[in-house]
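In the two complexes below, chain A is the common chain; its partner is chain B in one and chain C in the other.
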Partner chain A sequence: MGYVNRRNRTIAGVFLLPTVAVLFLTTIYPMLYALYLSFRNYDLAKPFIPRIFVGFANFQEVLTSGPFMHSMLITFKLMAVTLTFQFVIGVGLALLVTQRLPGMAAIRTLLLIPMMISPVIVGLVWLFIYFPELGYLNYFISLIGINPVPWITSTQWALTAIAIADIWQWTPFVMMGTAAALQSLSPEPYEAALIDGNSRIDVFLYVTLPQLKPVLISLLFLRAIDAFKIYDIIFVLTKGGPGDATETIALYIYRQSFTFWRMGVGAAASFVSLIIISVLITLFFKSMQKSAVAR
Partner chain B sequence: MNKISTRQATLVYIVTGIILIIFMIPIYLILASSLKPSADMFSPSADGLFTPTLQHYVDLFTLRPFHWNIINSLVVTLGSTLFSVTVRSLGAFALSRIRHPRINDAAFWILSMRMFPPIAVVVPYYIIFKSVGLLDTPLALIIVYSTANIPLTVWLMKGFFDEVPEALEEAAQVDGYGIVEIFYRITLPLAAPGLAVCAVFCFIFSWNEFLFALMLTGSSAQTATVAVMSFWSSDAVQWGRIMAGSFIILIPGVIFVLTCQKWLVKGLTLGSVK
Partner chain C sequence: MASVSLSNVVKAFGAFKVVHGVDLDIADGEFVVLLGPSGCGKTTTLRMVAGLEDVSGGEICIAGEAINDRPPKDRKIAMVFQNYALYPHMTVRQNMEFALKPQKLSKAEVDAKIAGVAGMLGLDALLQRKPAQLSGGQRQRVAMGRAMVRTPEVFLFDEPLSNLDLKLRTQVRMEIAKLHKQLGTTVIYVTHDQVEAMTLADKIVIMKDGYIEQIGSPEEVFAHPKNLFVATFIGSPSMNLFRMTVERSEKGPVLSSAAFTIAAPADMNGKVHTRPGGDTRHPPQRRPPCPGR
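On to the complex of A and B.
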């Protein structure tokens, strides 16, 4: 028991109260409002039409019609591709930049810049790189004899183009977390393992990787949650198009609410995605608690 | 870590160098394109040869009211940062000092708020702000960003408060200080660096934010990120202007990386990496 006795604990509760109150007013209340909307037929373009109670019709539409399921598929596809590349490149890069060589600290710092850039700016600069006919990427691949690729204007390539931009921005995040973890590991097991004549790959797989596991799980969940929310880059590059080729869940909600003005359907879709993200959060906490116990 | 030979070191440098160059190309393009004459915009062969011009930056502030967008961004960013850090440091202190079996659940609950997709609450925010007449005002964004910042700030501050030795607070209590006095006379000054770091995080988040700014502002409270995006959609695409605006927007983030790198790890991974 610390010095905080029963009386002081009550006062400490008062310290906590402003946070909880603000969270309630600005997070819980809008969420309850969204829940209310999801059961109504609300057209924002025609605000004078009464908001009729429609039961589960909005949820039914979201869950049974094709577009939402399609957007879910796109979201998870994008998540799988970007996370795979971010972790493979990020962990590899972390192993390189934690070598004790002059200049590595500076390189590490420079590599962090992409993730501090506003996602809109990331979207815009990649739009510039992918730009149809004139873009830099097509110019460079033409130098090595590859035909120009319609990066953002074809259904075949648009998702890849978005994935590349996202991988560019967030690989540094994985590198940063992994590098920090690598530097906190004690060197003895490596020396012992190397003296025993194991190859570097074996040492990485059987000595380093198991020690990195809790950190990698944390990073993976943080990235997965962000990947689920991905919006800005897609909004700039393709607005969910061409057609619905890059329409993720966030873009689906956006289109329903602000293109078709069907707020009820948008709110229902929001709730379905909240439930999905809650499952992710629960998994995250379970793994956090597990690794906390292990520590 | 283990020692490596000169040959291996060379290999490490070559591989890291190539990756570094690839990662820096987009950043180079932002800067270079913001200084290129419009005629050279899409001619990679002109790179290194073009005559730099500040015309696009001049255009930003003369043909477009970009200074107002920056002022809007600053008002929103500073307002939400101040609000976040003040309220949140109280909450974090409580989470750090209360001894109760369920206090970690409360901390986790606050953390979980970070994970809700912003698009899910943008519709309610839009309707609520519309009904109370706050749409297209900086205040609306200050409210939204402060909420968005809560989990990050509380979690980060809790870590800093945890590091302040409780023995100091106990000594102060023996001297007859109440808990409120202890908080602002002893704990808060000792955790001041942490407070600064939190402030910078809130600053970068609000400065970079786009979705809420796009949805909740019109012409009068438009922030810099939304304005830059509007250069793309309005009339002819002005790449020079887009890139000049982008470069101005990315400056705070770059300064942050160069100055407080070690705090980045702690903040962005929410302390999951020690």
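On to the complex of A and C.
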């Protein structure tokens, strides 16, 4: 290595240092500390008790506990429902807003608004809508003679209510990504199909959808990670309740750590969910690569 | 097979007219080339025949039936696009199958049609490949194959060879000519390349700025251009033009320039008049005999 090269490396290192320091302090150190905690018995309610090493006891507790498995089930249920609706509606809207019709640009911008609102505000907005006695939704359904529905206060409806709010917020994201992909498709194959007389459904299923596949997989991957850690909307709307009806993994970890003050168990649960989401990411990447090879 | 006729066909985008009342008759089985510089309206005219553009005025008939308001699929046409327009994620076979899908044929019929066309175009070995795995020439052949399996009455080609290199262009051009002989289908072919036009066409339609400048056989437009534009557009190197002055001599009128003087064509006799200012001009409308040859 020559002098200049070595000197450049040193300078590069100096310039990178602040970023590395911030990254270390905000991400790496807390993560390592959490890993340390996950093997300790740390009760924040009794901070003076020594944090003794307990081995895999925390992990064992998490993996064998009913509430954790329940939160996992709730998370995946919510993911399945929200992602399905977000993609079906999102792709549909993308097809609509990419049509050359007057006013589409404005509609497209309007449709993006939910995505630009912070999730806590989205939660508050939907809280106004769902509020049991004074909410807008119950007011409007009372106008057509339907009895008020306990949207966020019954175990039957709470998860649906949260799913609706999440679908409302994140469908525009899918729409935007899909619309961009649609606009990059070359128009000639569509003209060829028009001349051949292929039906619209056939064109969508056999021409559009296969070409959108790589983009849809990427979007699904991004949305799945986001949906897996859903927290804000639920915290504002139901705080995981009623009971544990809407307690997702993030809420479970929060409850263990900051309601029951069991930091060790919370940390262990975090790592279990990290492993699950890492496996998910790997699977998604694999299928992405496969579809890239297939092209 | 079918004849095609365009009468007073107009295309306007808003107030902007791009095709100004085109009249054209194409006989059954004829190979017609629309030729002209970029932006002359040839592709727009073709797309109106295909139904990919609305007709702003006039009437297009295929096999004697007005088809202005018919969707592209009901016009018994097939089109080959400049950039092939193949479905990128489908194999060659799937591309052809998808083109046949609306006809709702049996599996055996579809296979027979694909086998027939693949044999004719030499695509047998490529049927399982995707467009990305094909060369430009092969893609163009597949695009033609996809158009041919549908056994249309009229083939439309939109600059099909522009994306190929010179050698391939010559080769595919010959294939197209051979296919036309073999199938006898009516062809409308758009190009800006006069070599293609001269070698392929039964009839060349030369267009400029949305107007037809001349319709005629390749020999006709080459030897007897109707106007200055056609005269300079056709032929490479293009025709020499001289500004001549008409003068009187003992033998009758002569055309003279600074370099040479020739006898005026016989049909100009009696048509030349002297203006009071002494300025006698006749624009050179016909190909003047070349003094050098």
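In this text, the second predicted complex is superposed on the first by the 260 of 295 C-alpha atoms of A that agree within 3 Å, B and C clash if a C-alpha of one lies under 4 Å from a C-alpha of the other, contacts with A are read in each partner's own complex, and residues count from 1 in each chain.
The working rule: a contact is a pair of C-beta atoms (placed from the backbone, for glycine too) under 8 Å apart; a residue touches a chain by one contact, two chains touch by 3 or more.
Everything quoted here is computed from the prediction, not taken from an experiment.
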### Superposed partners chain B and chain C on chain A - clash or fit
fit
### Message
In the overlaid three-chain picture, which partner chain does A:Phe228 touch, first (chain B) or second (chain C), both, or neither?
### Response
first
### Partner, of chain C and chain B, that touches more residues belonging to chain A
B
### Task
May I ask for the angle at the C-alpha centre of chain A between those of chain B and chain C, rounded to a multiple of 10 degrees?
80
### Message
So in the superposed three-chain picture, is A:Ala192 touching just chain B, just chain C, both, or none of them (first/second/both/neither)?
### Response
second
### Query
First (chain B), second (chain C), both or neither: which does A:Ser273 touch?
first
### Query
Just chain B (first), just chain C (second), both, or neither: which does A:Pro210 touch?
second
### Message
Looking at chain B versus chain C in the superposed three-chain picture, what is their shortest Cα distance in Å?
### Response
8
### Summary
Where chain B and chain C land on the same part of chain A: residues 191, 194
### Message
Residue numbers of chain A touching chain B in their complex, please.
### Response
1-4, 8-9, 11-16, 18-20, 22-23, 26-27, 29-31, 33-34, 37, 44, 89, 93, 96-101, 103-104, 107-122, 124-129, 131, 134-136, 139-140, 168, 171-173, 176-177, 180-182, 184, 187, 190-191, 194, 214-215, 218-219, 222, 225, 228-229, 231-232, 235-236, 249-250, 253-254, 257-258, 263, 266-267, 270-271, 273-274, 277, 280-281, 284-285, 288
### Task
Mind listing the chain C positions that touch chain A in their complex?
50-52, 71-74, 77-79, 81, 83-90, 98-102, 130, 132, 146, 150
#### Entry: chain A partner contacts - residues on chain B that touch it in the complex
1-2, 4, 9, 12-13, 15-16, 19-20, 23-24, 26-27, 29-30, 33, 42, 44, 87-88, 90-91, 93-95, 97-100, 106, 108, 110, 112-125, 127-128, 143-144, 146-147, 150, 154, 166, 169-170, 173, 178-180, 183, 204, 207-211, 215, 225, 228-229, 232, 239, 242-243, 246, 249-250, 253-254, 256-258, 261, 264-265, 268-270, 272-274
## Note on the structure
Within their complex, chain A touches chain C through residues 186, 188-189, 191-199, 202, 206-207, 210-211, 294-295
